[in-house]
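Two complexes, one shared chain (subunit A), two partners (subunit B, subunit C).
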Partner chain A sequence: MKIDRRSFLALGIGAAAGTAFTPLPWKLTDDLSIWTQNWPWTPVPEDGDAYYDHSVCTLCPGGCGILVRKINDRIVKIEGMPSHPVNRGGICALGISGPQLLYGPDRVIAPMKRSGARGEGKWTTLSWDDAIAEVLDRLKKLEADNKTEHLACICDTDRGTVPQLFKRMLSLFGSPNFMTTPSMYDSYEAVLKKMHGRKDTLDIGFDFENTDFILSFGSGVIEGWGSPVRMIMANSAWKTKKAKQIQIEQRLSNTAASSNGLFAVKPGTEADLALGLACVIMEEELYDKAFTGAYSTGFPEFRNMVTKNYNPDVVAEKTGIERHLIIELARHFASAGTSSLAICGRGKGQTAGSMMEFMAVHSLNALVGKINTPGGVWSVEHPDYIPWAKEMNVRAAIAGKKRIDEAGSPVYPDSLSLLNRLPSKILESKESPIEMLFVSNANPAYTLAGTDKVIEALGKIPFIVSFSSYMDETADQADLILPNHIYLERYQDVPVRGGLARPVIGLTRPVVEPQYDTMHSGDVVLKLAKGLGGQVGEGFPWDDYKDCLEKTMADRWKELEETGFWTDEAYQPKPWAGAFGGTYGKFAFSDTILPLPDLEGDVKDYPLILIPKESMRISSSHIGDTPFTVKTVPDTELKGKTLVIEINPRTGKEQGLADGKDAVLKTPLGQVRVKVSFFEGIMPGLMAMPKGLGHTAYGKYLKGKGASYNALVGPMEDPVSGQDISWGIRARISRV
Partner chain B sequence: MTTSDHKAKGDAPDKAPKGREGSSFGIIVSFFLIGFGLSMAVGWIAFPKLLYSEKQQPFDFNHAIHMDLVDEGCESCHLFREDGTYAGVPTLDQCSGCHEDAQSDSPDEEIFVNEYVANQQEVPWLIYSKQPDCVFFSHAVHVKTAEMECAECHGDIGTSESLKVYRENRITGYSQDIWGANIAGLKKNTWDRMKMDDCGSCHLERMGSKGPCFQCHK
Partner chain C sequence: MKKESSHEPGRKYGMVIDLDKCTGCGSCMVACMAENNVSFKEDESNKLDSITWMRVYRLTNNKPFPETEIRYLPRPCMHCGGKGDLGHSPCVSVCPATATDYDHKTGIVSQIYTRCFGCRYCMAACPYHARYFNWWDPIWPADLKKSLSPNVSPRMRGVVEKCSFCFHRYQLAMERAYNEDRRELEEAEYQTACTQACPAGAIVFGDLNNPDHAVHTLKDHPNAFRLLERLGTNPKVYYISDREWVRRSGDNYLNNEKTNTKPAVQEHHS
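Take a look at the complex of A and B:
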């Protein structure tokens, strides 16, 4: 008997075989895999008591109520508020990713002063006292030089106490140059002024919940138009009650796909179609005779103009829609169930529209008597809760001073702000007429059409102060950044301007302590005003912003603080007899054919047309996408870091392109390398480009992904309102 | 040396080598069996003993006594919050309502009152059913909606008079109750194990599908 090498080999094999018949390897594998999940550097959410706090989302004009779920002091989730009159528990993808904006890496974490060239991204932090002192020094110098109107301010809106505090400071300082980010609401407000004859500004409202037929002129009803969550809910309700929705658009958007019919008109002929429909309605006597007879003026003239210029044959030729379809659509619109309404404002409504188109569409609503009626289009009175916004002494301080953008001047009497005109006004002057610019809740260096020109104009302004919470494109061009708390860290009233059928004021509340060394912009304005002293200082009698807000809200404050919103539940629009102003107190039809600007670019050099493609997944406003929402962008819009252009296969092949391949897209403003996606759902001759990508600022999650639509498309000024109504540009595309 | 060589030389090579080979084979088999047996012993007996360390709870707890005193069974103390979330192990606040002072002469209650209630310190209970953080589990859905009994997953703890020893897996840090007392992972009762497959088999049986990954791993 000899024990040799083979014996030990056998022992080993036996041990191995035996082990395989025990639970050891399987249990050990399982345990090791769990062990790897518990490595100390693996992030694990903090455990603790969960509770909810209520607030309002400010990431778009929608004004949704939110419930913020917290574990201890950390926000872990944002949900829709079920009791809120706007969103009734619903919430969008951007809204739920709010915590990423709060805790994400793109925040400006302290006051910062530029230490390199503009856009170079070199900053040094400074104390709040030093930062405010620097702004004050410059303001005092402007005052001493008697150049107070050389101060300008850009806000996202003029609604609510914070924009009004900025406006008040500017006015008392002596500058009328308070401007706001353009949107379709500017056009609607101008239409209400013109056609309803009211001098005060009214909000447009749509009673979508009670309508049976919706005729949408390019509005992205479920793609961010109006108050987005409300619109998605309204759209679902239309399906349930079998209301009809007809979409007029050049491509099969999500809204078009969910509609009952798509009318792909030639781009830019929407107003023609609206008046063509009006023509049929009048010729077939389908209009509301009670309304046109007793409550309107100019109807016979309007009728003459329309029947003469917009008969279905002419309109069919112009729009490319067959005559019988125009007639059928007009009949449906005029006779649909109990109520029908027509809406406009392209895509998300983030740009203004032509007065021609908006007035034509509004005339359609008026013709069928659906102004201020159930299921129709409403002019909603303001809650008018900021008494100090209308003080005469504030107006007197800027009496006789001209706005740089000429809004409200005899040329553009119905416009309150024309920010789109600012870059060209600056560029055409040798020295910038604006020496100091405040930018709050706005990102004009990204959202205005013709980015290069905008940045060139900003470059001429000697001193720019950004109040942005994030390192956006405009902050990147600023000299000083005074970061605001983000909406989850601050109090602010949010009057909703989202086409709601009643006034709603929301309240954002500080659901967490400010995470960084930021300051409420309202408090900064108060500090600046008090620092300036004199007439300006006296105009700000409040201790701090919260004091101002509480006193302004007066009786409404308690309700706002408790429920998060105030609304007039029983709101009803004024009846026809008292709804209109003007000389006759009647709705004013217009028989003027208003001019429309031509699309930029020469047809020979640029045979195609580039239009924007807007989606809920891409935030195209001053708020950039969050890491989460960027992940939801499909590869038909963004492939890797390359933008994808949608083009009809027929046009694509004519241009020598292949589906999925690289190409170069060129417009008169610039060019960009893209990928091509063939899509049958877009009209031949057109290309659609996702809007909201191609950021040059923000952090790694957003910067450098895709290309910016606004960088390739220039502004188109409406000759009547002065607003930028750009909806596309001529372009060409070639393979590489 | 080859076989043909042996034959050629007229040797009788068959017997002696056969015996040698037989004994060698026996030794190999023996060693194989020794190895097999040892590893079986290690795998089935030593490994489970080594894998778990025994830990004592801060003090003992008698579920049975408490069950007699309450009206709503387990939910009297292991309650659901107003928003539907499950509160888990009762907090000091809940207990100190009755145990501000000792109610009996139990040495365990004495520890609770003197060391925890008096110092306003939460009891660091070792939780037998604690699952990894990557798992989302809603008690409300199972207890309220599906009307399952607590015992179906946790066993009949309500009648126990003392807490069992907490065996902590030295590698994962979780309780032995998750894998189950049987090291082979076999179970007789639904509450013997709490692994993903156990959730899955119940879901498959009652709902027709194990459900998508993200149902629990959000």
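Take a look at the complex of A and C:
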């Protein structure tokens, strides 16, 4: 058959008409839409009884109360507890995503023993009995070799029964090397010791709810500093009552953006500004004479030193802030309404700060008489509810033994723990002075500055036991993982150290049964102690952890179990007479200023400065982020797997960069490929990188995304406290 | 789209968000994801396909340092009522499957996943980018399926989803009210998950028509504005900021044009 134009068209039209009349295409479209939607594996969540159970969150030092929504035995949601004194119903993004930590893919689901090289990720599971027996064997060997101080332990804090059980076991075993993760609270505690002269450890507290003027030296007031939810609520209250907040910082953080004024001092001159303000306050006689006169020592010397070295002209030159602005700020601070307070601890306060800065800022508060007064800075007494933490025989067991980090030694008398000094101490020695390391609720292989050195040091320790619930960087370097229940599966007391203006103890409760083959770390310690026997075994007279907790909490237990928290509602700080210790029972001003170390890196090779950028949306602590929180990270911080660096457009152009394009960022410690984001809200000459990304452990939702700040920045030791006070590093950036 | 007859008084749920209080912390985003079984995938950095019923945008005034300012703007679905609140929302008007509809009892724009066949007309019509398409099957790894709430159906590949003002919470609250022989809800009885979670108290939710609810007065605040008001979408989400540059960024203004000082009242002309 010959196909001509006519028959071709007829055929075409016929086919089109035919198709239109057959039900086939419609049926296919219908099927297709059903096929694309009705996958049998789209889950149908099981329904059941819905109810709420209460507990507290342990994911940061904030200590918020939580309500856990359950369907039968499943946790489907975590909400804030409206009746809790810390968060009053509010809750942060990480806190809400707790169920993803509970049921998520990053958990260690059974005790595991390393079967490959360190960090290779090869593990074999073993029984709890075998795992504990192995640790005991090694402990007994240390004991037999008379090397008990070669055991060390790292916890997130020394507060509460679980860290104290670890510490007690170490002490009775004969090791003083109990260390904690550094934070700004270390600096504040040292300040309280030095300036308040008290031997007992005090907590720093801030009466933010009753203050009218907040002067923040780089603190991320609404970005995770202190108790984060409480701070955000306080910030809203300040807006309502028109309180003023002034931020001293080099970039427009969310805190700076929300403040009433940004003082962009030259990086590293925060303490100079504080002393400059002190100078104006003293020269203009704006200080509280009742306080400085009768309740302080060393004031004349402090005054001489400050007026000599920190007059507004000198400070203007140093900080880059105009003289008249310094004077105005000082006047405002000294005369604001009924109360004003100054705070420090950079970003979230996850690192310590220089004693010069902390003491200068605390002196400002003292000058205006805002110590232990309404709306001021308080020294808050501990509830002191763990009597067995102070027993003399425990102290005697380690008498005469030296700590490896030299905390508490005559060199660093005011520091309790200097974990930052551990890596270099290990690397300095031929054989590691630590033969066995316990790590509980901490991830030093990620959170300490100078990651490469930290991992190298860990590599020299013959045996590392991780108590982590998650497969984090430190667990990755361990020989044995003894996974703890996560906070939703266990009992634990949570004394809050978040700058609260009163003591609060929370109780985390097992709102669900343990989901995997894990064990409470408190119980593991008890088993180890009993296995060791002798003096150690006798020091642990409890049946199990819960027995220990109940007996320790004594009268408070019932209240804790019922409401989830204990607090002293009517707490008031001690009045000036009686608040201070030392020889004279007075607040001690200090005129000693030791020069701060310079930022690491040569200016010629590294013309820019890299600083961290901290946010409520990225955890940056020993807790890794969840799929939900990673989802909230903006594409100006993470694009694909590439980290995005924030840089001022002017500086960016000078360096030959283009917005959104790739570049290589280099510091004396390493280099990384990044993308560039031009942002006006950062001081020229600086670059900011989000802190909390670049994990080398955890699962695919977190691992390998972005770059780690701590891998690019080294530690910087404070001459007074020995703490790591690193806040940045010199860096350069070039296009690729 | 005829107006449904109803014996009940017309509720009109809406939000007023104080942008000067918002800290950009992201609680609302995660509270929403957890409440509504929102899925997640390995890479969420391509924000065009990242499903976030509630998304927080960063606004900046683009002035050089240190005069730069930023504000965060949380953006749920605006639950547009269209002119005169007759339900002519941009998305409802274009849906060929009646998968999205305007509820005249509450003013809430619904999304019925099983009806949606994924044509995405609604996404094209929505001026607020509040709608998201499921390009892939959702995956809950390890035991994460245990964290799913039975109150909201997980979505399948090939459908569009968006903020529902936590409509299931409204249904639960109404159920309780009916059991107690009530027809009215107290303000606190029905609150969205984002409102409840916000630590800053920046989000206020309630019935815009009910004088006893805080939103009723807040929406008339002299610094209140809505997004792209002049499109006539009549959104039910209001924002407040004392910064004029923030209010201006809520719409497309000509350089010499004055910023709206009061929210435009949408009259029905037909």
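Following the convention adopted for this analysis, the second predicted complex is superposed on the first by the 697 of 736 C-alpha atoms of A that agree within 3 Å, B and C clash if a C-alpha of one lies under 4 Å from a C-alpha of the other, contacts with A are read in each partner's own complex, and residues count from 1 in each chain.
Criterion: a contact is a pair of C-beta atoms (placed from the backbone, for glycine too) under 8 Å apart; a residue touches a chain by one contact, two chains touch by 3 or more.
Owing to the predicted nature of the structure, the values given are computational and were not obtained by experimental measurement.
Of the two partner chains placed by the overlay, only subunit B lies in contact with A:Ala10; subunit C stays clear of it. By the document's definition of touching, of the two partners only subunit C reaches A:Pro99; subunit B does not. Looking at the shared chain after the overlay, A:Gln492 reaches neither subunit B nor subunit C.
Once chain A of one complex is fitted onto chain A of the other, the partner contacts of A:Lys700 are limited to subunit C, with no touch recorded for subunit B. Judged by the touch definition given at the top, the superposed model places A:Gly48 against subunit C, while subunit B stays out of reach.
Legend: residue contacts after superposition of the two complexes on their common chain; A:Phe21 is shown touching subunit B, with no touch to subunit C.
More residues of subunit A lie in touch with C than with the remaining chain of the pair subunit B and subunit C.
In the superposition on chain A, A:Gln723 contacts neither subunit B nor subunit C. Subunit A uses residues 37-38, 44-45 to touch subunit B in one structure and subunit C in the other.
On the side of subunit C, the complex with subunit A involves touching residues 20-21, 23-27, 29-31, 33-35, 37, 40, 42-47, 50, 52, 56, 58, 60, 62-66, 68-72, 113-114, 117-118, 137-138, 140-150, 153-159, 196-202.
The part of subunit A that touches subunit B in the complex is made up of residues 1-4, 6-8, 10-19, 21-24, 26-28, 30-32, 34-35, 37-38, 44-45, 50, 52. By the touch criterion stated above, subunit B contacts subunit A in their complex at residues 23-24, 27-29, 31-40, 42-44, 47, 51, 81, 83, 85, 132-134, 169, 171-174, 179, 183-185.
Residues 33, 36-39, 41-48, 69, 71, 74-80, 87, 89-94, 96-97, 99-100, 102-105, 107, 222-223, 228-229, 232-233, 235-236, 239, 252, 254, 257-258, 262, 264, 515, 616-617, 627-636, 638-641, 648, 650, 679-684, 699-701 of subunit A are the ones that touch subunit C when the two sit in their complex.
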